[in-house]
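Before we start, here is the structure in question, set down as structure tokens.
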Amino acid sequence: MHRIIKRKLLRSARISSLYIIVAGIGFIIIFPMFFLFSFSFMSDYETYSEWPKPLVPSFRAEFMIDKDAEGYHLHIYNKADGAFAAFGPLFFTRAGEDLENLQKFIKRQANCAITPSGIGEQLDVVDKEGRVEFTLKKEFLANYILFFQVTRDAPAAVMRSLMVAGFTILISLSIGGMAGYAFARYYFKGKNLLKLSVLFVRMFPAVTIAIPMIIILARMGLADQPLGLSFVYSVGQISMNIWITASVFMAIPVSFEEAAMIFGTNRVGAFWHITLPLALPGLAACAMYSFIGSWNEVISAVVLTQFNPTFPVVVYKSLVGTQGQINLVTAGSVAQALPAIIFTLIIRKYILQMWGGVRV
Amino acid sequence: MASLNLQTILDKETRKKMIPYMLIAPVIIYYFLFWIFPVLNAIIESFKSIEGVWTLGNYIHIFKDPVFYRALLNTAFLVFFSVTIEFILAFGLALLINTKFKGSSFFLFLAMIPMALPAVAVGAMWSSGLATRGWMNSVLMTFKIVDDAGKIIFLAGGNIASMWLIILIDAWQVIPFVMIILLAGLQGIGAESREAGYIFGGTKFQVLRKITIPMLKPTITTAMILRIISAIQIWLIIVMLFGFNRIPVLLEQVVLNVDELGSDFFERIGMALSVIVALIVSAAAILYLKVSGSFEKEAEK
Amino acid sequence: MATLQLIDLAKRFTKKVWGVRKMDLEVADKEFIVLLGPSGCGKTTTMRMIAGLENVTRGTILLDDRDITDIAPRNRHVSMVFQNYAVWPHMTVFDNIAFSLKLAKLPHDVIKRRVRETADMVRIGELLKRLPGQLSGGQQQRVALARALAVKPKVFLLDEPLSNLDAKLRVNMRTEMKAIHQQTEATSIFVTHDQSEAMSMADRIVIMKDGKIVQIGTPDDVYFRSADMFVAGFIGTPPANFFKVLCSYDSGGIVLKHTHFKLEIDAEKYDKLKEYNRKEIILGVRPEDLLIASEDKAVFSEQILVIEPQGSHQVVALSFEGSIVKMVIPAGIKLNHGDKIGLDFNRERLHFFDKETEKRIILRQHLV
């Protein structure tokens, strides 16, 4: 009996130390991402006027209006200081223009919506009691909406990025998939060299390749166009897709195809009716992988696009350029990261599988 | 028409042998058009002056520039430490996940997220965090670890301190990737080999050193080479945090010349730099293969 | 050399899934024990607990009266041959065999000698410099065997070592392994799901089902005195046939009534059946105990469904009441499918099982 208890203690000690390590690592992974996410919901006021900055965005903002001889004064509750702080114009009156400006100011700085007449109602209370406090609900997705409004090109850039990704998938999956099939089923000369192309194509900096590509694409009439960009992206994606599709096809026994050929179809038919349907989930994963690669790429796009930037370029420029407000930039970043993260999670089984057969 | 002729000329056996070559032909053509051609183009241009005369001037310009040597040194520092640290931590993680504890698949799921994050998002994440009034200091102050006067000024450190910051940030994003490659390799080994090691007298450490690591060697080589290649080409995060020319590294200099400065002259400098980078990358990869190969021979004695 | 005792051994994987429920076993010195059972019966788990690869949930393992339950595998003085050999691909055959000897820090010449000896014993002396990748499956198997033998373990564990070999090699290796065992006299535990392997190699067979021992006994014990219907139906090629019969006893003797036949048996000999008067019991008959009889002597007659010639004998399958009854008859008797033959039972060797518990009804003859 004593031994069983000892064994159990030992076991639980081992397990709990394991989980402490795991939790620690999980924390390190989540910690910075949490703030990226958190900042993307903060208003300008929270981001720039409160210090230390709040760690989580609030859902509402508290305001206070009082008045003196000059006129009305607007205050906002500063969480870091724990007190109301002056907010907006030095003073304002009941004039319609003033109220409209105030509405815009509250909307821009605090992400809260209130109508001029709404402010007027609050002022009535001030007139009666000398001061009023009121709470407004924050418009939670305001940064996201604003990012797409102020960043002139963002919605169109998203469309272009999707197009680039679509073309890249089409090109790299068809060309890479054919080679991957040859890898899985045949022996041929130069197999190893082709396999190593995944390394070769990464050795020369992509930015530099982009320069001569400008001229090549211009000659093809594809300069500054999604299709042209996807030709460039496909180089790296093809080498990747050869590896992925090769491992996908290898997992399907040749005997399946041979059986189909015995039962009256040729090699193409066997591929079409047997192998392709079985490989479909793997190929879909491969497509998502290409999507992520293309969707996330920024530097070639910076060089190769001029008037038609992709979405990552827009986000990049908003950050590196001067106009970026960090809460807006984080909103753009989250918007850009979301599809890539979702796809990665969908295909995580295949990511592990594709590296399973890796040998250099 | 051509295919008809082919069919009559070639006998069935030869045609069958042709199939794989026909399947890989598009890849070869594609690589020629969109990779080898522009690369050759860039290499040739790097040896020409603006006027189109053959010259070594671009290279000489680089070698005379003191920033180049700083960039070279910084890159070497970055590659050596980041690859080493990433490998050790990733290997530890892979061994951990491979024990298949309850929730290990969820943990794997979590670990893959940094891998999926776009470089730009990573840049936004850290620049919003490491700014003097960023979330790092906010957290420290909220939990009263530092006061307002004691804020840490992350981005104003010296060269070496900034490099360590970059190494940590790069490790944060890249460790999952290395871990996944190693994990896949570990799962390919199978438990029996290790169990046999335990039965035939090995301690955990001996089994790791004499069985697991040697059997994992091809995977380790793959992971290391891929990492070395991309570590030499780190730049985006540096530019997003520090801007150009503050912490010069090789590729940041390439981008600076090619994109930021952008004139015909600087483009050629950038191309020459790229050729140098490519040479360094291949040299590093070959060196790594040589070194790891010689270790292996030593172990055999 | 060594005795091994398993006392109340159990392994629980998750809250509801038990690998081994209860295991009590004493293995004598030099004994060759085979753990036999269908997949998932707990035989491999038992072996892995003995090896120390699996934590024990409950119970004790004693090796030479020393408690090894919680000791690391490397300190147990056991060695093991794995199902997939687990020969390390990055080491030469020599290094594979010498692995544990090197870790034990034996002198170089001792290691060399020991490796040579064991390699010669399993006849791979000329392969020592090769890498496992250059060897056939059978040769890798021998390397795994040599590696396990070189340790001179107290207990030698073999986890389905022959299951990955082709049929002919498997039968040869059986003989060789038995010969090696006779030479080394190492206490051995052998796991298999192949009953003919178990019968041909074991001193004693431990038959397991659902994590419990069903029967422990010599090959003769489990064949001729199967403890229950599971064992009778698992051992033997083909296994025993079963008939549900109504037992009735009167002064005349014991009569077994089946819907298709009636069998009178010696009340003296099958004395114990008197307790089952007017109850249904299961009659078990080994295929070789079904005899061809002339029409007047036959208990029942039936048409032949299939004949399977085996060279030395032939297996005849009859369709009987919707199920298949199989019998073994000598070669040379000419029969065709569709022939109607009369059958009789070898009344000396009938097996009876309780219908409810499926346990053997122990008759007086066996008590002697």
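Residue numbering begins at 1 within each chain, and the chains themselves are lettered A, B and C in the order written.
Here is the rule we go by: a residue touches a chain if its C-beta (ideal position, glycine included) is under 8 Å from a C-beta of that chain, and two chains touch if they have at least 3 such contacts.
Every value quoted in this text rests on a predicted model; they were computed, and no experiment measured them.
Visitor: With centres defined by CA atoms only, which chain is the most remote from subunit A?
Guide: Between subunit A and the rest, the longest centre separation is with C.
Visitor: Going by C-alpha centres, which chain is most central here?
Guide: B
Visitor: Hey, how far is the Cα centre of subunit A from the one of subunit B, in Å?
Guide: That gives a centre separation of 21 Å.
Visitor: Report the inter-centroid distance (CA atoms only) between subunit A and subunit C in whole Å.
Guide: That pair's centroid distance is 60 Å.
Visitor: Once you find the CA centre of subunit B and the CA centre of subunit C, what distance in Å lies between them?
Guide: The computed centroid separation for subunit B versus subunit C comes out at 56 Å.
Visitor: Taking the touch rule as given, give the residues of subunit B at its contact with subunit C in the complex, in rising order.
Guide: Residues of subunit B touching subunit C: 190, 192-193, 195-203, 206, 210-211, 214-215, 217.
Visitor: Per the contact definition, I'd like the list of subunit A residues that touch subunit B in the complex.
Guide: 15, 18-19, 21-22, 25-26, 28-30, 32-33, 35-36, 38-39, 51-55, 174-176, 178-179, 181-182, 185-188, 190, 194, 197, 199, 201-205, 207-213, 216, 231-232, 234-235, 238, 242, 292, 295-296, 298-299, 302-303, 312, 315-316, 319-320, 326, 329-330, 332-334, 336-337, 340-341, 343-345, 348, 351-360
Visitor: In their shared complex, at which residues does subunit C touch subunit A?
Guide: Counting only subunit C, the residues touching subunit A are 55-56, 58, 69-70.
Visitor: Quick check: in the complex, which residue numbers of subunit A touch subunit C?
Guide: Residues of subunit A touching subunit C: 3-4, 7, 11.
Visitor: Could you pull out which subunit B residues touch subunit A in their complex?
Guide: On the subunit B side, the touching residues are 19-21, 23-24, 26-27, 30-31, 33-35, 37-39, 41-42, 45, 93, 96, 99, 101, 103, 107-121, 123-129, 131, 133-135, 137-139, 141-142, 148, 172, 176, 180-181, 183-185, 187-188, 218-219, 221-222, 225-226, 229-230, 233, 236, 239-240, 251, 254-255, 258-259, 267, 270-271, 273-274, 277-278, 281-282, 285.
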